[in-house]
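Pasting the structures here.
Both of the next two complexes hold subunit A, though its partner changes from subunit B to subunit C.
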Partner chain A sequence: MLLAHLPALVIVIPLICAPLCVLLRGKDWAFIVALLATWASFACSVLLTIQVMKVGTISYAMGGWAPPYGIEIRLDALNVFILLIVSGIGSVVAPYARNSLLLEHIEERAYMFYCAYLLCLCGLMGVAVTGDAFNLFVFLEISSLSSYVLIALGSDRRALTAAYQYLVMGTIGATFIVIAVGLLYQATGTLNMADIANRLPEAGYTNRTVIAAFAFMVIGAGLKIAIFPLHQWLPNAYTYAPNIVSAFLAATATKVSVYILLRFVFSVFGVEFSFVSLPTAIPLLVLAVLAMFLPSIVACFQTNVKRVLAYSSVAQIGYMVLGLGFVSVAGLTASILHLFNHALMKGALFLVLGAVFYRIGSCNIDRMAGLAKQMPWTMAAFVGGGLSLIGVPLTAGFISKWYLILAALEKGWWYIVVLIVVSSLIAVVYVFRVIEAAYFRDAPDDLVNVAEAPISLLAPAWILVFANFYFGVETSISVGIAERAAQSLMGAG
Partner chain B sequence: MGDWEFIVGHYNYWIAIFLAMTGLYIVIARGNLIKKLVGLNVFQSSVFILYISLAKVEGGTAPILARGIDIYSNPLPHVLILTAIVVGVATTALGLALVVRIRGEYGTIEEDDIHSQDESM
Partner chain C sequence: MKEYLVLRVITKLLLPFILLFGLYVQFHGDFGPGGGFQAGVIFAAGFVLYSLVYGVAAAQKVLPTGILRAGLAGGVLIYALVGVANLILGANYLEYTPLADTMKEGQHLGIFLVELGVGLTVASVMMTVYFTFATWRED
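Take a look at the complex of A and B:
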């Protein structure tokens, strides 16, 4: 029965198709294989989501070895939600690759790109589905190594130094996570995450090994998430990576890392340990608020629009960590919801910039002046994504901020509400700088005859823009899953 | 337990901590991109040693199936570290490949010299 093996198939398909891309060589064949593999994974994720929503948690024993001895794939509402985000963005972005790669001068080695892309997808989804702590590290490294390759493919030579920097920081982060896993194994004698959670109370909340493991895990995951001030690798990596890679990684990689933090802090260590016996919430809240403001202000002074969006990503991560720091079902719902909504808006905006780059060869704000006349559809998509990024009503961005504000009010922290609103106003500044240039300024002399972007680039961007508006109005799916995930996270503590 | 027993009894941890700090120091303090990777390797090795030493059972032998052997070290961390070593090798290989490309583009592998060219490091 194939359906019973869906939890394994969702990661095995891209894993097997990745070397297939290299074996087939031809850029068309590799493209078709990559496209089919991502779409198949997305189909599996949708089926799994329906299954989880119907019957609750799914447990799958990898290779027939019963957990906790074998590796378990464990899917609850949070897992499938992350799975949906990653595979969904992966399948929207994949068709974009063909035209986008033409421009990055890597067309003749396109099969390498598709291979790394599928491996990255496989690693990210693997992190989302696995129930084994060490397995999680291995999948994380699969995704990280392939994302270093993807970033280094950028046409600017600074892509190389950005990839190198990310490699060093990412490896330190991942190694911190291994140290944490090792210490947890020492304290509990198991690697299965559900099993660790069961045995930790036995080890005791004052156990120094467990506290050290917690510290290593939070810092390690924080490096991968790019929690302010551990975000130094992110702006360069997103700016100089090929456009399609920026779109894919901005929408998925940090989200998966946030998942690791959520899973370990709430499910494995438990609320009791993480927030009652240790004062974790306050530092997280302070860092989150700093992240909401400082990178946003920096974003207002950038001339490269990709860099604006990269700094904005660091700021948006602040909102996710903020919701986490509330330690309530409402706060977690807002956090998880923002994972999803932010993937939609940043994916859309980076795809739009890819289309701009395709025509004018730059993402500089001055070069984009007057572009709305020549590329109306492209710039309209930017406005759509930008409105969602600001959090204007009827967009997905508004929904996540609304829930975040509700969670703050529930706690009675009205000053946090003020901070959320004020930080959104900074987003208005950096988004409107671009819109002002594109709509109200005259084009540079050499850029008066620019054609609209091809449909293969516009369609994926518009699908995501449309999703931003759809999930800004029809919230039952996204809020429903996020709420269930939040309840199970808080309940596990 | 006296202080002395605490220090001597945990000698494997002291070695791991010393190696980890040495590695991180090299990563932070050295401007040469190859030396940074060396530091990263030292840092990762410290974790390998931490894991391997966790597996040691007092009086135990190697975990092989043979008659008359009842006490043996825990083989699971050994297996985990085999995987982690592979990951480390892949990371080093990729890092070195990036350094080769960086040298091709910038003509140097010193962080400061690269920074002075286009402020990217």
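Take a look at the complex of A and C:
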């Protein structure tokens, strides 16, 4: 009986547990509730994935109102894949919260952190499950508002300005999305995404309302994703947020935004409208290539390693948009696959930096000099995540780049292949700068006697590093789901 | 504002009507315009008026932080748990029909409870936001 209600439970569990954290107040109680809620959501996601892989699309009528009139929860391969990413990363990151310095910094209000974290999780998963365009906006706002709070918790005072900057840009993005939804509603008279897709051809592809809706949606989602020229909020937000929050958001928030773009451009507007009647592919490809290079080059000159990773995130988003711009099943497979793989590598790297910060109180590259001697396990994890970020064979990063190159070759665009390889070489530079400092330089005098990070911080980081290697060898799960999702996205057009 | 006698008396006079109107909007929301959100704002507006005239400290005596926090979380919890009650009774999430004998009564009761949660949370959030700004410099 409960199995039929899993699509609702997956978001209801964190929603119920968030206020519970506030009511229980105790630091330990809130931690236990948050941990169990996250794990329960992950279990639901896994069960849902198995179900979707077996029987195909699942539809659940919220409140018993039949779609398209009521709010529908609609799960296909893409939805469950995003659910798996978000709840999976959440499950690894949640136990890390207890020992990260964040909670000592806000000792009295630790339960507020868990509440905001659960709401963020609920919002992100809500975006991933809903089949209703307006409902998607509501969940997006839940996740965004709570993520502003989470970022502002950073111990550095600049976290406040970073959060405010993100709030302004994020709100503009969300407003654009809701304007797009409003215009679509005007053009088609429905809010259910599948229903909009059915009715759009009727409204006509030259309908200016629909074209305006499309423009608002792409720009709005672009702001949330941090597509290259719209990425200004991201480096500060990731740098000054508490380490655990950087890890969680870097691995999930932009991924969910990419999902919004994929869902609307491919499923709702359809390939025919988005790429045949409008010239969307070329600007996306140009921006993607710029994103692969410029932020990567900027990353090479940063002294704060968190900032290096943040700029690298902007660059990695370039790969996802690139695959999207190919408008082929192969390209989309690469894009969706990279959503997953990038979540693994960035999650791992940010968790490692959290462990470094725990011991030396800084993520500055000069302070990290010689750290490999004192914290061998931590830095080894960094090397593992870094290799995956570069795309070395046997890591998850290699798999997504491999599929991206295959997709480019399929189109016959060999110069894109060259660009992908060259941009990976820039990643070698910024990852190796950190490794060089940690392994081949002498430690600063005051940091000679640093102990290894505690196991409670190392274990989550190593789980993700291990996942990077696991999904770099055993690809049947990740590629299998990504391929099915890509096929259904292209087929819907 | 101790010296403004007119304001103080009028505020005391108006306060029960504002709160009553808030409750009216809350409980009449399923028949006419209104609902939990509007009711919560009206209800909180009454307390805001009280605290403007009688001072923040007096208002915080009526609404201590602990109660507000419980209201904040409790409202969301009511909403979410009403949904779960439907699940347990064998219907979809937030499908109120099985809450009572007939569909009409069930829907009525369900929306009533859910809106109660909304009103509680909105009123608490309004007051928390107000108190946060009002006590900003007193830290």
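Please note the rule applied: the second predicted complex is superposed on the first by the 489 of 493 C-alpha atoms of A that agree within 3 Å, B and C clash if a C-alpha of one lies under 4 Å from a C-alpha of the other, contacts with A are read in each partner's own complex, and residues count from 1 in each chain.
The working rule: a residue touches a chain if its C-beta (ideal position, glycine included) is under 8 Å from a C-beta of that chain, and two chains touch if they have at least 3 such contacts.
Just so it is clear, the structure is predicted and the values come from calculations on it, not from any experiment.
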item: Which superposed partner A:63 touches (first subunit B, second subunit C, both, neither); value: second
item: Subunit B versus subunit C as contact partner of A:55, first or second or both or neither; value: neither
item: Subunit A residues touched by each partner, larger count belonging to subunit B or subunit C; value: B
item: Touched partner set for A:19, first subunit B, second subunit C, both or neither; value: second
item: Partner chain(s) touched by A:8 [first = subunit B, second = subunit C, both, neither]; value: second
item: First, second, both or neither for A:451, with subunit B first and subunit C second; value: neither
item: Contacts of A:167 with subunit B and subunit C, given as first, second, both or neither; value: first
item: Partner chain in contact with A:138 - subunit B first, subunit C second, else both or neither; value: first
item: Subunit A residues contacted in one complex by subunit B, in the other by subunit C; value: none
item: Footprint of subunit A on subunit C - complex, ascending; value: 69-70, 72-77, 80-81, 83-84, 87, 90-97
item: Complex contacts: residues of subunit A adjacent to subunit B; value: 134, 137-138, 141, 145, 148-149, 152, 157-158, 160-165, 167-168, 171-172, 175, 178-179, 182, 185-186, 191, 236, 240
item: Subunit A - residues contacting subunit C, complex; value: 1-2, 5, 8-9, 12, 15-16, 18-20, 22-23, 60-64, 115
item: Residues of subunit B touching subunit A in the complex; value: 24, 27, 33, 36, 40, 43-44, 47, 50-51, 54, 76-77, 80, 83-84, 87, 90-91, 94-95, 98-99, 101-102, 105-106, 114, 118, 120-121
